[in-house]
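You will see two complexes here that share chain A, one where it goes with chain B and one where it goes with chain C.
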Partner chain A sequence: MLLKLAWRNIWRNQRRTVISVLALALGVAAIVSLFSVREIAYAEMIRGITKGLVGNVQVHGRGYQDSPELTTVVPDPLAVEARLRGALPGAQTERRVIGAGLASSGEVSTAVVVMGIEAAAAGSQTAFTLQEGQSLDAAPSHEALIGTALANELGLSPRGELVLVGQAADGSLANDRFTVAGIVDTGSSEANATTVFLQLVDAQSFFNLGQGVHQVIVRLPTDEEDLSRPVSLLRGALDLSALEVLPWSEMLPELKTAMDDKRKNQGLISVIVFLIVALGILNTMTMSTFERTREFGVLASLGTRRGRILAMVVLEALLQGLIGFCAGLALAWVLLHGIGTANLSGLTGGGDVLGAPMPGALKLVIHPGSVVSGGLTTILTMLAGGLLPALRASRMKPVEATRYV
Partner chain B sequence: MIKAPALALAALVLAATADAAETPVGVPVCPSGEERPDAASLVKRIDQLLSGRSSVGVMTMSIKTPSWTRSLKLKVWARGRDYALIRVLEGGPRETGMMTLKRERQLWTWLPQAGRVMKLPSGMMGDSWMGSDFTNDDLVKGNSLINDFQSTLKGVEKSADRDAWHLVLEPTPSAIVVWGRIEMLIDRKSCLPLSESFFDEEGKLAREMKFSDFRQIGWRQFPARMTVAPAEQGRETSIAYSEIAFDVEIPEDTFSLQRLRQGR
Partner chain C sequence: MSTILKIAWRSIWRNWRRTLISMSAVGVGLFLVVVYSGVLAGVLGDAKDQLDNVGMGHVEITAAGWRVRRGVSQSISSPDALLARLHLPPGSETGWRVVTRGLVSSARGSEGVELQGVAWTRERGLSTYVREVRIGQHPSADDDRGILIGERLADRLKVKVGSKVRVMAQRADGEIGAELYRVRGIFHSLSPAISRHRVMVGETSARRLLGIGDVAHQIVIQLDRAGDADGVAARLRSELGGGYEVLSYGDLLPALRNIERLADLFVWVAALFIYGLVGLGILNTLLMSVLERTREFGVLRAVGTRPGRVVAQVLGESFWIATLSGALGLAAGLALTWYGAQHAILTIGGGEALEYGGAILRSGVKTRFSLTQALRATSLVYVMALVTALYPAWKVARLPPARALHSS
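== the complex of A and B ==
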């Protein structure tokens, strides 16, 4: 009954209602699309990080994150891996060695990062894409994979000869020759220009590390951004006096901060947009209740309780909100699907932002979070705009109101 | 009567030539007694002391870092400022036989395990040489102390019970150098450097070099032990010569790249 009344009331002045609903719809559409694009881009970036070289969580020798020294290692990585898998069933782990070196071919030489990887591990398959040649054999074979830009600089192609020099963990000068098995794209222009991948065992013996590794990468089956629970589980399973357990957000703190800052900024913009919309709603609702002063007076003198009048007017506001919200969602859907895929590669040059590989193309859809956030803001806006006129309408004195012209 | 002063004069000339035979022409004499000697000629003398026309030496280089300590036995052939060859006589299994060849401003390394020669990229000149606290640049740099720096005498100081001149060297405006300033303490008796402190462009101490174990070799006195300690805590590299000979003949092909490529 109340709903029916409210529904009829809002269409008594169609033009006014359409205008407020339209204002609301535009606001919702803007926020839902901005939110969706942002969150889809973030999710893609996070996927790039967690499926790429970084992983969801890493275990290091204590202090490695702050000052990555060749000698700061996880000394017994196999035991650590077993414990990690025990603490988080379903998680995948891989060991990795990272050292600095000089790579040379012919007369050209350049500074590189030498990365020893478990080539057979599932995670390594997604960390880079093979451009030429083939991947590393599972057995140590004195073979190397090199980044595309590095291959260019050194003038190397598959089967070419790569000479590496570096300082080993005992201070001695490591030097050896490797065959280029393949050329890879890591998704990061910096890594492409500087990275040499070796078989883990080859890298361990090159740097004289024994069994030691610098990182144990943990990949989780799901891709949630908040890792506090898995991290605390992993931390509980390890000896933290010798090791550190870090989620990607702590390894790339600038990126995490940048993401959070942008979210806050967009939140502020939403608040401002909806404040303006709310003022508009307040205006039209006040108008519409003023026009109906006599009506409310009659209702009240017929014995309608204040609560019901209040509820009716609030319901009018919420109904408009619902229509505006649905229209806004529809508009956002049309907008996002109209664009379809956002190609960011032109924007970023295929590079990386603060250590995260930048997604090349984004498939745009409405993000569920944006619907929730848009819905909540709509309700708040309509309440903010509608509550005051509703209160006024419900508090009218019947005698005065019926005499109002 | 006329002969006596002439004889005296002849004796003087003889004495002078005898001295010149010991200290070659062009090397400024040590102004040991002077309170305010000419700073530029002091630096020039040191510069020439530490490098002969040619030299062959054997030395032990000891490197100390917070995580490891090691030492290498090296043999060094050098000709003038432009050519040098350093060979690792004794070191780790992957290093023995390693050679560094300096030809003018370029460095080449023979890598015994790889069996290849690598040319050092110019961007790596500031990096450590063989894991020590010497940089590649230390090996490559020519006579830059004289050409690239303006030296002034600051005064007289005591350093480890020795009287020393305190010299400040500042880069000339056109010089391309990594240091903002070098301070030197020079022994007033022997004119030998006791220490050199290197400051970066912000004026912070970057590393300190100390010289000791002075030995007489021919006309020159030579510090057989040098220690360099960077500002970074817990690191130190020292080299101690066990043999050194100056102005010796060195076969022509010692400094040839072809020979280096064969690993000999």
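== the complex of A and C ==
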């Protein structure tokens, strides 16, 4: 009954309602689209990180994250892998060795990151895509995969010869020749320009590490941004006096803070946008209740309780909010689907942002979180704009109000 | 004219509460646009003016093809003489660098780096981090064995001022050259990549390590005004002819150019959107206030006021609303951007700076105070106010006086 009354009331002045609803819809559409684009881009960046070279979680020798020394290793990686898999069934693990080196071919040389990987592991399949040649054999073969930009710079193609010079764990000079098996794209422009992938065993002997590895990569079957639960499980399973367990957000802390800051800044913009809308609603609702002073007076003298009048006016505001919200969602949907896909990688000229590649083609859809956030702000906006007029309407003295023309 | 404005002024205060609410909506909107454009201009201006934080020139000259394949012998001979020949705008800082990639190692580890051989006095004018070495100092001009390294690299290699490091790089003859250097200074750079991957030695020492003569790989020019870079680069390109590659910072950092373009677009879209919202608010209140007074306008028309004058009066009311709220929003917006130009009011990332496709953006954003930008935003408020007022004005002016008089 109250709802029916409120519904009829808002259509008594159609033009006014349509304009208010339109303003609200515009606001909702903007917030929902911005939120969606941002979250979709973040999810894609995070997927790039967790499916890429970083993984969801890494296990290192203790202190490696702060000061990655060649000698800080996980000494018995196979035992660690077994424990990790035991603690989190479904997790995939890979061992990795990382060291610095100088790669040369002919007259050109450049500084590189030498990465020893388990080429056959499932995770390595998603970390890079082969562009030319073939992947590494399972057996140690003195073969290397190199990033696309690095291949370009060194003028190397598959079957070419690459000379690597570096410093081994015992301080001696490491020096060896490798055959380029293939050229790979890692998705990150920095990694493409600097990475040489070797067979894990080749890298271990190049750097004279024995069985030791620098990273045990853990990949989880999840796209969750928050990994605190699996991380605490893994931490419980390992000896933390010798090892450290870090989720990607702690390995790329700058990226994580940049994401959180961006969220905060955008939240601020939504608040201001809705402040503007709320002021508009306040104005129209004040007018509409003011016009009906006499009517409220009659209602009150017939014995309608204050709470009921208050509820009715608030309902009018919320109903307009509902319509505006739905219209806004529809508008956002049209907008996002109209654009279809967005490619953000052009923004940085293909460069990385804080160690992560900008996502390529993004499919734009409405993010569920944006609907919640848009809905909440709509309710707050309508209450902010509607509560004051509603209170005034309910506080009118029946005698004075009925006399009002 | 003044009568109309006077009547309009009185009319808007007949329902002062409503007027104040619409005004605050307009004011908040304008404030937001002014601050937003100030913030974006701040982020961009910062990146552009701080090229010397990354040691990048506004214009850089290299031998053709060097950027793709950095061969040691792909160099510019007698850089000093070449620079003397060029016609550069006054106030330009210039220098050259021998550049190669190598491996630096200490007893505790090794790291791939870009090794730059520089003329120290010139380099001071080009890179902030050489000018302001945090620990120790950069090697002196005749110091053959001194090296300057970044904080992160020092941390990585566990070296201090006075420690020894070994540098390996490929020589022009194809052999691997190695030299021992002593760390004389440790610099701080906003860019983590530079702090970790760049070391500098004197140019003669670098040439000896690489086995090359009086050559350089990079000529770096910093202009007084960053905006001139594209023009200067184009002129130098024709001056130098083939065999050289001349690039401006825009070519070197396409990301910077992209965000510049994007930021312009952002400001426009945001402004359009905010003014759209504000416009709808004004439309509603103005419509209400005009329709309430239908009878009044009917009287005016009946006593012979022309429709044009009625329209003018409604526009006049909108003009006053725009003026007052515009002044308020402008003042508040300017105040915040002015304050934000002194103190960073916003952070866009943790740490000190964030790297965006090679460009450095300070994470504490200082806004850019720009009166012309703010005035442009304000003028848009007028346009918006007048456009939205047209509909109610037209609606009431069109009404036949007899009908208008009958409305209650």
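Basically, the second predicted complex is superposed on the first by the 405 of 405 C-alpha atoms of A that agree within 3 Å, B and C clash if a C-alpha of one lies under 4 Å from a C-alpha of the other, contacts with A are read in each partner's own complex, and residues count from 1 in each chain.
Operating definition for what follows: contacts are C-beta pairs under 8 Å (C-beta built on N, C-alpha and C of every residue); 3 or more make two chains touch, one makes a residue touch a chain.
Keep in mind that what you see is a predicted model, and the values were worked out from it rather than measured.
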Side-by-side fit of chain B and chain C on chain A, or clash: clash
Partner chain(s) touched by A:E69 [first = chain B, second = chain C, both, neither]: both
First, second, both or neither for A:L34, with chain B first and chain C second: neither
Touched partner set for A:A87, first chain B, second chain C, both or neither: neither
Identify the partner contact of A:S109: answer first if only chain B is touched, second if only chain C is, both if each is, neither if none is. both
Counting only touches as set out at the top, which of chain B and chain C does A:L310 meet: first, second, both, neither? neither
Mind working out whether A:L387 is in touch with chain B, chain C, both or neither, as first, second, both or neither? neither
Check whether A:L275 is in contact with chain B, with chain C, with both or with neither, and answer first, second, both or neither. second
May I ask you to name which of chain B and chain C touches more residues of chain A? C
Touching A:V165 in the superposition: chain B (first), chain C (second), both, neither? both
Kindly point out the stretch of chain C, out of 40-48, 76-84, 130-138 or 382-390, that overlaps with chain B after superposition on chain A. 130-138
After superposition on chain A, the chain A residues reached by both chain B and chain C are 69, 71, 102, 104, 107-111, 165, 167, 171
Contact set on chain A toward chain B in their complex: 69, 71, 102, 104, 107-111, 163-165, 167-177
Using the touch definition up top, name the residues of chain C that touch chain A in the complex. 17-18, 21-22, 24-25, 28-29, 32, 36, 68-73, 100-103, 105, 107-114, 155-156, 158, 168-170, 172, 174, 176, 197, 253-255, 258-259, 262, 273-274, 276-278, 280-281, 283-285, 287-288, 346-351, 354-358, 363
Which residues of chain A touch chain C once you look at their complex with the stated criterion? 15-16, 19-20, 22-23, 26-27, 30, 67-71, 99-102, 104, 106-113, 152-155, 165-167, 171, 194, 253-254, 256-258, 261-262, 265, 269, 272-273, 275-277, 279-280, 282-284, 286-287, 346-354, 358
Within the complex, which stretch of chain B touches chain A? 63, 65, 67-70, 91-92, 94-95, 98, 109, 111-116, 118-121, 123-124, 128, 130-131
